[in-house]
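Note that the chains take the letters A, B and C in the order they are written out, and that residue 1 is the start of every chain.
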Amino acid sequence: MRIKKIVSFAMAAVMAASVLTGCGSSETSSEESAGTGNGSASQSGEKTVINIWSKDRHDANYVQQKVDEYNKNNTDNVEVVYTLYTDNYKQAIDMAAQNGELPDILVYQGEAFNKYRLNGNWADIYPFMDDDMKEYFSSVIFPGYNEFDGKLYFLPTTGSTCRLFYNKEIFDRVGIDGPPETLEEMVEDAKLITSELKGEGIYGFAENMKSANSALLRSMVIGLQRETGHPYGYDFAAGAYDFTDWADDLALWTELLSDECALPGCESLDIDPLRTQFAAGKIGMYFSYTHAEPGVYENQFPMDSSKWDVAPIPTSGGKEIGKQYYEATSAYMFNADSANLEQAFKTYKDIFTTEDYLIGYYEGGFGVSILPQIIEKAKPSENFQTKKWLQVNPETDALLPKPPHTAFTAGMIVEGEDMYKTAESIYYGGADIQSTLQDLTDRYNKAYQDAIANGSGYEIKIENYDPMNPTMQ
Amino acid sequence: MSERKNAAKKNQIKRNLEAYTFMIPNLILFLSCSVYPVLWALKYVFYQYGGYGTGAPRFVGLDNLARVFRDKVYWESMLHTFTYGFGKVIIIIPLAFFLAFLLNKQKGINGIAQSIMFLPTVMSSAVMGLVFYLLFNAYNGEINQYLMKLHMISQPINWLGKENAMKTLILTAVWGGVGNYMVYFIAGIQQVSEDAIESARIDGASKIQTIWYIIVPMLGPILKIILMLAITSAFHDITNVMVLTEGGPNNATMVSSLYSYRYFFPISAAEQVVPQYGYGAALSVVTACIAGAVTIVYLKLSKRLDDIY
Amino acid sequence: MSRNIQKPERYHSKSRNEAISLAVKWIFLAIMILFTLYPIIYTIFGSLKTNAELTQGGSFLPSEWHFENYYQAFVEADFMKYAMNSIVISLSVTALAVVTCSLAGFILARREFAGKKILMALYMSMMFVSLGSITLYPIYEMLRGLHLHKTIFAMIIALTGGQASNVFLVMGFTKALPKELDEAAIIDGCSIYQVYFRVILPLTKPILAVVALFSFRNAWNDYITGLVMTITAPALKTLTVAVVQLKYSVNAAAEWHIMLAGASIAIIPILIVYLFANKQFIAGLTAGAVKG
């Protein structure tokens, strides 16, 4: 009897499904036309649709608001569709590029930029810029970074780098008078905090170690740029990888991540839960990006600004051989195949390059402006006025050239685990530091040489490379 | 004569055509979703390919396969697959058996208890993976908070840390699977004749003796199926690992299926994976071969056991 | 053991033993039931708590019932759309699986035809060869070639898959039906189509119900296929994908109550289906296992 009921239910379901798929598919096909930048679909209605993809969560509300304003007020009959990708931005770009379905405008992402610039996917924006605009943004055009062979691909308006964020209250309670200046000191501080305040659930250090790559790229690997002068383990003067000088840092990091220092459960922590714990006053120190954290503690997980501060990433022994990278942010790339490229650029110009937008962005705490005109006019939030190290600082930060594994990402196939996972095998897996780093060096060099040999890569070597004054090529 | 032959032939063709009209809908799905991907993978085992924007696929011969055998992390992931599989079987089989033994008569409260135990089987392992992540995380997961409130622990246990992650994963797998295997056992027990049990009881056998000497041996055939399913499923479980631990920390829960997946798609937000379709294909082909070999060995062994009995 | 030594006390000890074994039985069952239900109850009650109450932990029932969490999930996190996707996709997959398996299973059971042996061998071998989730990449590529990859059909096709084991399930069931039934129908002048629709289809309903239930469950609960297929078509996301991605979303990362409300939205429909069809689920599983 029951079975009969089920079957009749299933039959009804079948019928319902056939009806529903009908409307479901028509719904998605309209969705599809909205999702592509280069179809005839954009002309189908009266409005031109410009698609913008973003990966940034910290400024999403601000950008959305500006986009909404633009949609309401623009006179070009343009409808901007702003899509936020969270965890799979790079992958979405990959798949869209493959399918010829890139949106008109995309938030800059380094890897995707490198990979598809060589492929001709990004548009040169010089032809769309008038002289005023060229003049206005002249300070953020860097040959070898956003300008190649006389072609300009994107305009950064803010900069971001990585720093140490620490809880001043916790430091005061255990009697530490300032942020650590060396990594050794940092380990001591973390130990002190954990041993004294563990009972209250307060720990000295935390990092989002769930993904080694995401964690180290905002902390150790960046500090190592200053400490060793070899960004990402690559010696630009010699034209070869050398990871062996990571040894000191890895030994200290092993301590930093031990139970003596770190928040329990760091191994499985994502960045946002970490921030909630920092906002709740449970974490003494962690590393992250300067562009994201102020906004996070103002909007996402409120925390009193006077409770936290920022300092440079401490290096082992305080060594300072080179500069650390800063990344240009709030930059947008343009799909060269977009049917509405010209309109796309105009829309971009109208939304993202107005002084109103740029000042609001800086004052809202979403990113630190690198445009002198804006820095002069804006009254940035308290955070940026009082916390000097949120700014990009020419004394420690610079644009860095790209090592082979990012310059031709897919061409260089490293056998075995990458540098981040290999580091993880040391601080969590207890692998021997010297031999593991030697092996890592060999594997990267072999992959690099193979790439050159089979034509998927090229030689990268900068004569007289000075890590304190890095040149792009 | 030839006319009759012709007619017979025509009839034969008609019969074949009819048959294929029935087969076609499924055949299309089967060829495109089952056969084609296998052929694709078998081809790309011999190529290096990073997807669009990285140049055309490059023939590399047996390089990918050779690399699989050098890949330490892959063999560790294979070891984790076995640890996971055995851990799961060793806990699930006895639990499922006792549940089945206690609940096999589908009357009143037994039926309800059976339905409850089977419930996790219909739940999405991805969604429950997320729930387990919230329950087990070290900094404010509810499990730790209960244990601390009951003063069973003073410091939070790091359930997803490197020492415990695999155990926690197995625990969640037990949660998701025990009802399933219980039902198999019930089917087996119901095939054991009541007479055999009754006569054993008349002979004065205790309950435990009845279980051990009468029921267990008669469960042979179903136990064979159950173990078979448990072994093969260990090679497939990927969703719960992906959501709960993403294979970490330090690859402690990286299982072979997830490892090959990683060369096609990144497992998580932050992961930086450059696709290596050829190598990923090689990994999954090797994994499929190992899974096949394990199955065959198991079938041979269980047959030999049959001969002994 | 007890039988030899304690013969005189047999009656007495038997009743005591029975009491003990009964107690052990119920304690064991209680623990197992608690173990099974706890995560589900946590999800559903948790979805009605405030975030603060949830992260402090320790309370079983919500101190106040916050149904607005569901409003937030449905409206602000766009779960209405994802729920609709899940419903459409799951029902379509169910329909496609039942129809195609029924047709193929019937003909494989009842007729010899050219190429059948090869097909059977192919179907059988595909049940043993399993490359796992990586097959989604070639399937996605194929659907892209057909320009279906951004439509809901891509999800439906990829999730339905080859169905080899279900075909065998239906075939086995059909084989067990007496052949005289369709022979009689053929003598009466029925075509093979009539035999299928009038004789076999009604009789195979029980096994088709099994196929339907399990297809629905698998489609509803799927995560990876949805994840991969919707990377370039986020509007097609299903509930499970959307729920897991809440972990990375702008605000919900710290808002566990919203995550749990999302999780509840994803599990409650299947719980309701289970409430009405739990016997069939259990019976179906056994049918699949014994035959397969």
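As a working rule, a residue touches a chain if its C-beta (ideal position, glycine included) is under 8 Å from a C-beta of that chain, and two chains touch if they have at least 3 such contacts.
Quick caveat, the model's predicted, so the values are computed rather than measured.
The chain with its CA mean position farthest from that of subunit B is A.
The count of contacting C-beta pairs peaks for the chain pair B-C.
Subunit A and subunit B have centres, each the mean of its CA atoms, that are 37 Å apart.
Here the CA centre of subunit A is 38 Å from the CA centre of subunit C. Distance between subunit B and subunit C, defined via averaged C-alpha coordinates, is recorded as 14 Å. Within subunit C, contacts with two or more other chains are made by residues 99, 247-248, 279. Taken residue by residue, subunit B touches two or more other chains at 133, 265, 269, whereas all remaining positions touch fewer.
Within subunit A, contacts with two or more other chains are made by residues 86-88, 91, 98, 270, 273.
Residues of subunit C that touch subunit B in their complex: 1-3, 21, 25, 28-29, 32-33, 35-37, 39-40, 42-43, 46, 55-58, 96, 99-101, 103-104, 106-108, 111, 113-114, 116, 119, 122-123, 126, 128-139, 141-142, 157-158, 160-164, 167, 192-193, 196, 217, 220-224, 227-228, 240-241, 243-244, 246-248, 256, 259-260, 263, 266-267, 270-271, 273-274, 278-279, 281-282, 285-286, 289-290.
Those residues of subunit A that touch subunit B in the shared complex are 86-88, 90-91, 94, 97-98, 111, 115-116, 118-119, 121, 198, 208-211, 213-215, 263-265, 267-271, 273, 277, 282, 409-411, 413, 415-418, 420-421, 424-425, 428-429, 454, 456. Those residues of subunit A that touch subunit C in the shared complex are 2-4, 6-7, 10, 13-14, 16-18, 20-21, 24-25, 28-29, 31-32, 35, 57, 60-61, 83-88, 91-92, 95-96, 98-99, 101, 270, 272-273, 275-276, 300-301.
The touching residues of subunit C, when paired with subunit A in their complex, are 84-85, 87-88, 91-92, 94-95, 98-99, 144, 149-153, 156, 205-206, 208-209, 212-213, 216, 231-236, 245, 247-251, 253-254, 277, 279-280.
In the complex of the two chains, the subunit B residues touching subunit C come out as 15-16, 18-20, 22-23, 25-27, 29-30, 32-38, 40-41, 95, 98-99, 102-103, 113-135, 140-142, 145-146, 149, 175, 178-180, 183-184, 186-187, 204, 206-207, 222, 225, 229, 232, 235-236, 238-239, 242-243, 257, 260-261, 264-265, 269, 277, 280-281, 284-285, 287-288, 291-292, 295.
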